[in-house]
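Chain naming follows the written order as A, B, C and D, and within any one chain the residues start at number 1.
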Amino acid sequence: MSVFFTVRRWVYLNLHDDNYRSFLSTCINYFLITLIVANVGAVILESVQPLYKEHQFWFNLFENISITVFTLEYLLRFWSVVEKDRSRSEWAVRWQWVRSGGAIIDLLAILPAFLNFFVHVDLRVLRIFRLLRLLKLTRYFVSLQMLLRVIQRERGAFQAVVFILSIMIVMAASGIYIVENKAQPEAFSSIPKAMWWAVVTLTTVGYGDVTPITPMGKFLGALITILGVGIAALPAGILASGLANELNQRNQRLELEFLEMLQQQGLDIFNDQDELEKLRQRVGLTKEQMHDVIIQLMRERQYADHQGITCPHCGKGISIQKDDRDE
Amino acid sequence: MSVFFTVRRWVYLNLHDDNYRSFLSTCINYFLITLIVANVGAVILESVQPLYKEHQFWFNLFENISITVFTLEYLLRFWSVVEKDRSRSEWAVRWQWVRSGGAIIDLLAILPAFLNFFVHVDLRVLRIFRLLRLLKLTRYFVSLQMLLRVIQRERGAFQAVVFILSIMIVMAASGIYIVENKAQPEAFSSIPKAMWWAVVTLTTVGYGDVTPITPMGKFLGALITILGVGIAALPAGILASGLANELNQRNQRLELEFLEMLQQQGLDIFNDQDELEKLRQRVGLTKEQMHDVIIQLMRERQYADHQGITCPHCGKGISIQKDDRDE
Amino acid sequence: MSVFFTVRRWVYLNLHDDNYRSFLSTCINYFLITLIVANVGAVILESVQPLYKEHQFWFNLFENISITVFTLEYLLRFWSVVEKDRSRSEWAVRWQWVRSGGAIIDLLAILPAFLNFFVHVDLRVLRIFRLLRLLKLTRYFVSLQMLLRVIQRERGAFQAVVFILSIMIVMAASGIYIVENKAQPEAFSSIPKAMWWAVVTLTTVGYGDVTPITPMGKFLGALITILGVGIAALPAGILASGLANELNQRNQRLELEFLEMLQQQGLDIFNDQDELEKLRQRVGLTKEQMHDVIIQLMRERQYADHQGITCPHCGKGISIQKDDRDE
Amino acid sequence: MSVFFTVRRWVYLNLHDDNYRSFLSTCINYFLITLIVANVGAVILESVQPLYKEHQFWFNLFENISITVFTLEYLLRFWSVVEKDRSRSEWAVRWQWVRSGGAIIDLLAILPAFLNFFVHVDLRVLRIFRLLRLLKLTRYFVSLQMLLRVIQRERGAFQAVVFILSIMIVMAASGIYIVENKAQPEAFSSIPKAMWWAVVTLTTVGYGDVTPITPMGKFLGALITILGVGIAALPAGILASGLANELNQRNQRLELEFLEMLQQQGLDIFNDQDELEKLRQRVGLTKEQMHDVIIQLMRERQYADHQGITCPHCGKGISIQKDDRDE
């Protein structure tokens, strides 16, 4: 029975624990990433009819292998997750894991294939659902998680933008419908039809399949474009400044941790490369970023040294000379 | 007569007071939001001729109900607003409310329908005016108000951009008119006609219905595009950084209020979840944001504790040791 | 002779001195702004052939009046500018003014019209040169000057972007020329011709008059678009963050001046609305912005008051209690 | 033999040392920049068939001269680089240089031409490789290096964006393929073909050669466009804020160096224009930027003077009066 627990713990470490790093766990990660990417490639290639017909057997074989691997992965994760918190009931831990984002994505990646046994859906649509396996990649990429976190944090701003954009699309479509309806009764036959023009224009895609042709329509179109063109580009701006903030905050966090360690242990930390490396990996910065931070810290420290007193929150010296105060 | 005042106060609380939250006021808000959205949907669907002809009766009924509800809402608001400031004359308070932005939007939402009794305007145009009811939604969305505030605050920058954009459009249109006039006498017959090309190009919409065809025209077009392409995207950038600033300032404001409360009441606030919740709602942050702020504060506080003295404006310890000074 | 100097001074104040504000100087400014805008409108309308032929007389009359006014303005400015610095030689001051940006723009606005007497250029091209009068508006709009200053300050970044964009256009054009040359020998007959496609694509204008049609060309085109799409939008981002910075710095400057005045004069400044108004106009902020700053200052001040000591550079209290130190 | 070392040192200074500035080294730099630009011009012009056939001799001559010059440059750099560090073995220094970025670019600029002797590749493709000489320009432009550094530093963010963009392109292409496949079996015959539409739409290029035509396809297309339009513009935003940061950091570094020099040497530095000029060139700021920094420093310094104590890291006075503490 002790073997059972040892195996479960070993499975848990390899599949669940991000901080556990062995040769095997790295291999498993790379194998799963490769399999996911290959699955997406297969879905794309299967859509090319001649290719699919010729190699139908291999495509199906690959899909069956993939489904088996992903199902096995899900079951092993489900079984081993209890090692996470042994103080609670096994099924409580499992149920909590099943409801987590990662587990739902894992389930979505295999469910459509099994659904096929019960309900017979269009094969083509079913194949597309396999693309959901792409989402499994989120687990392996920190930068992707960061982007999602920014999207979540700035969702207030996004909400406002989507709202404003919707208003602008409705207003623009209604205006152009009134003006162009008589000249182009086909393309602008109703507001919903005019909305296609509004979306294509306000996002600056501008296919040119529908354009205003009356002078009045062109004037209104120009006005709408000038006023609205910024709104569609807003989310990118918000995301960009959000990402920049996120990265800045991470750097500041590292600085703070560095400073705390420096004050507790003195300057020796600069010689203790292993400690630095551990800290770097814990915080998740690149070697280059760590280097920048240390260079900056050392310069400021040096600078503060011949000033006397150091301010702990910015690492800079304060010019109130010690002797001034003690007299 | 006391009943009269009680009813008026009750109407006031439900319709005007944002801080008053009862089950009824929430219901009223959701009902009005739904009605506004449904009105916009009706306007869009009515423009589809076959659909409108078939269900004309129901569309008209819905419009009449809407108009009644919005008129009632306006009158009740007008009547009850006097409760806002009972020290001033009733009509002075009402007149002030009538001139406020929210009241003007409310009036614009119902006026076109009543206008129809006196002046007989084109039904289609009249229907479009109903879209103004969309603006009533501003009252219910904080993020939308924030966006409008940013637009208002950065209007200096927008003014400059619109100005520069106008200059660029005029210059681009004139240049391309000179160069392309002979090759395409129809599309570039005059500067106003060439402006359509200029707007479509500088905003990067690029329908492709009018493009330069002479080598000289293509060279000038390429030059204009490269130089001007940034200007049209400027408003988005300004808005994005403005929004980011606005959100940052809100967070800082919360932090300051938290710090003040912490200093007045000690650390107990961390156990007083109700106080925190009240504060959170007052400032209007999400639970997640509040969580981030508290985590950050606690870490800094902990850090300052073994330093001795805390700087109240950044919550960080100052390394001037107490004993240093007392000696 | 004293009358001569008085008149010259009076002309100087009205035309040159931005801080001098009389009813007349305001009228002159608005008259000149209107005239400039009307001139641009005339140039645009003249390009519409039927309109020009019908009203030729009035167009020419308006042009002659405009030229007279602008020439008079230039001469009066030239004559009166000596009042700016009476310690130096009159002609030295004038020569300095003639070489200034504003004077060159003023000259460019009238020169083409006079050039016509000597050299007979194409009337249509000559008319376009009148658009240079638009630049005279820069004098009257602060926000426009700000934008130009940002462009000048960030010119290092712009230089890098234009450079990168040029490289990308050359590379993209060469690549697509190699790949698409055989399939579309007309549209991609040489690299210069392929550059039209490259510019239209990398700026995301995308007219669609020239597109890759071979699978290889589409793949290369997609790759180029994804990699290059950001570069063209860079200038807008740089400008936007530059403008945001510029506006922030202005606000900080006002805060600093406010703080200095507060420390020299005490809190009475809050009651001295005239002083505030003067300061506001001197710094060039809007009333709303000033309001924000004062509100913020007062809150911080109030907060610092029950803390004891105030830090002059951020207006916040420092928690080192006085009694702590005096013991 | 001493002459040999003197010559080698002289070659080293002119070709390698950026801080060495003589008339000759400036001439060499400008000559090489001109030659690189002329080479690119030649490649572009050679692609115009009639032009190339007429002047074939001159084009070939120019290419041969260029190849000679660039080869000579490479050999001289290779030979003289040992002067950089005379404490190490000559070949170790040379090998280190050969592996550096600049040397690899230099090699890429000449290698394709020599390759032609051994392998006979298509002349047209070979010519395009000459465009790699453009990269040699990086050595001469600081702003370009800065942009590359920003791209490298923010590569985490770029990675996330490319990843998200790939996911969106695959998802969008699959969706539109399902919906439009029947209506347009040619343009949307498979997912890879639909990806052309997805790229063109998500980057907002929008040629219009392929557009959805079914109502369902238009609805899906509109949804994809609205959601995805921001992602393609993200890299620009990240680059822009990265560049702004980079420029800010450079300014702050200058300020810090200025402050250190001021504290070591007193205020005399303001009179010592030569020192300032040297510092300015060392840091690489424009004269205008230096001016701004000094103005700001002087104002803050003046302000601090009547406050008593100065904080060295922000140059502002601290209001804790000296007498308060000494009592």
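Quick notes on this one:
Keep this in mind: a residue touches a chain if its C-beta (ideal position, glycine included) is under 8 Å from a C-beta of that chain, and two chains touch if they have at least 3 such contacts.
Since the structure is predicted, the reported quantities are computational estimates derived from the model, not experimental observations.
Two chain pairs, A-C and C-D, are weighed by contacting C-beta pairs, with C-D ahead.
Superposing the C-alpha atoms of chain A onto chain D requires a rotation of 90 degrees, rounded to the nearest 5. Look at where the CA atoms of chain C average out and do the same for chain D: the two points lie 28 Å apart.
In this assembly, the C-alpha centroid of chain A lies 39 Å from the C-alpha centroid of chain C. Shared contact sites, meaning residues of chain A that touch two or more other chains, fall at 204-208, 232-234, 236-237, 240-241, 311, 318, 320, 325.
If each chain is drawn as a node and touching chains are joined, the picture has every node linked to every other.
Residues of chain B that touch chain A in their complex: 40, 43-45, 47-49, 124-125, 128, 131, 134, 137, 141-144, 146-147, 162, 165, 195-196, 199-200, 203-209, 232-237, 239-241, 243-244, 247, 286, 288-289, 303, 307, 311, 314, 316-320, 324-325, 327.
On the chain B side of its complex with chain C, the touching residues are 152-154, 156-157, 159-161, 163-164, 167, 170-171, 173-175, 177-178, 189-192, 195, 201, 204-208, 211, 218, 222, 225-226, 229-234, 236-238, 240-242, 245, 256, 260, 309-313, 318, 320, 322, 325-326. Residues 204-208, 233, 237, 240 of chain B touch chain D in their complex.
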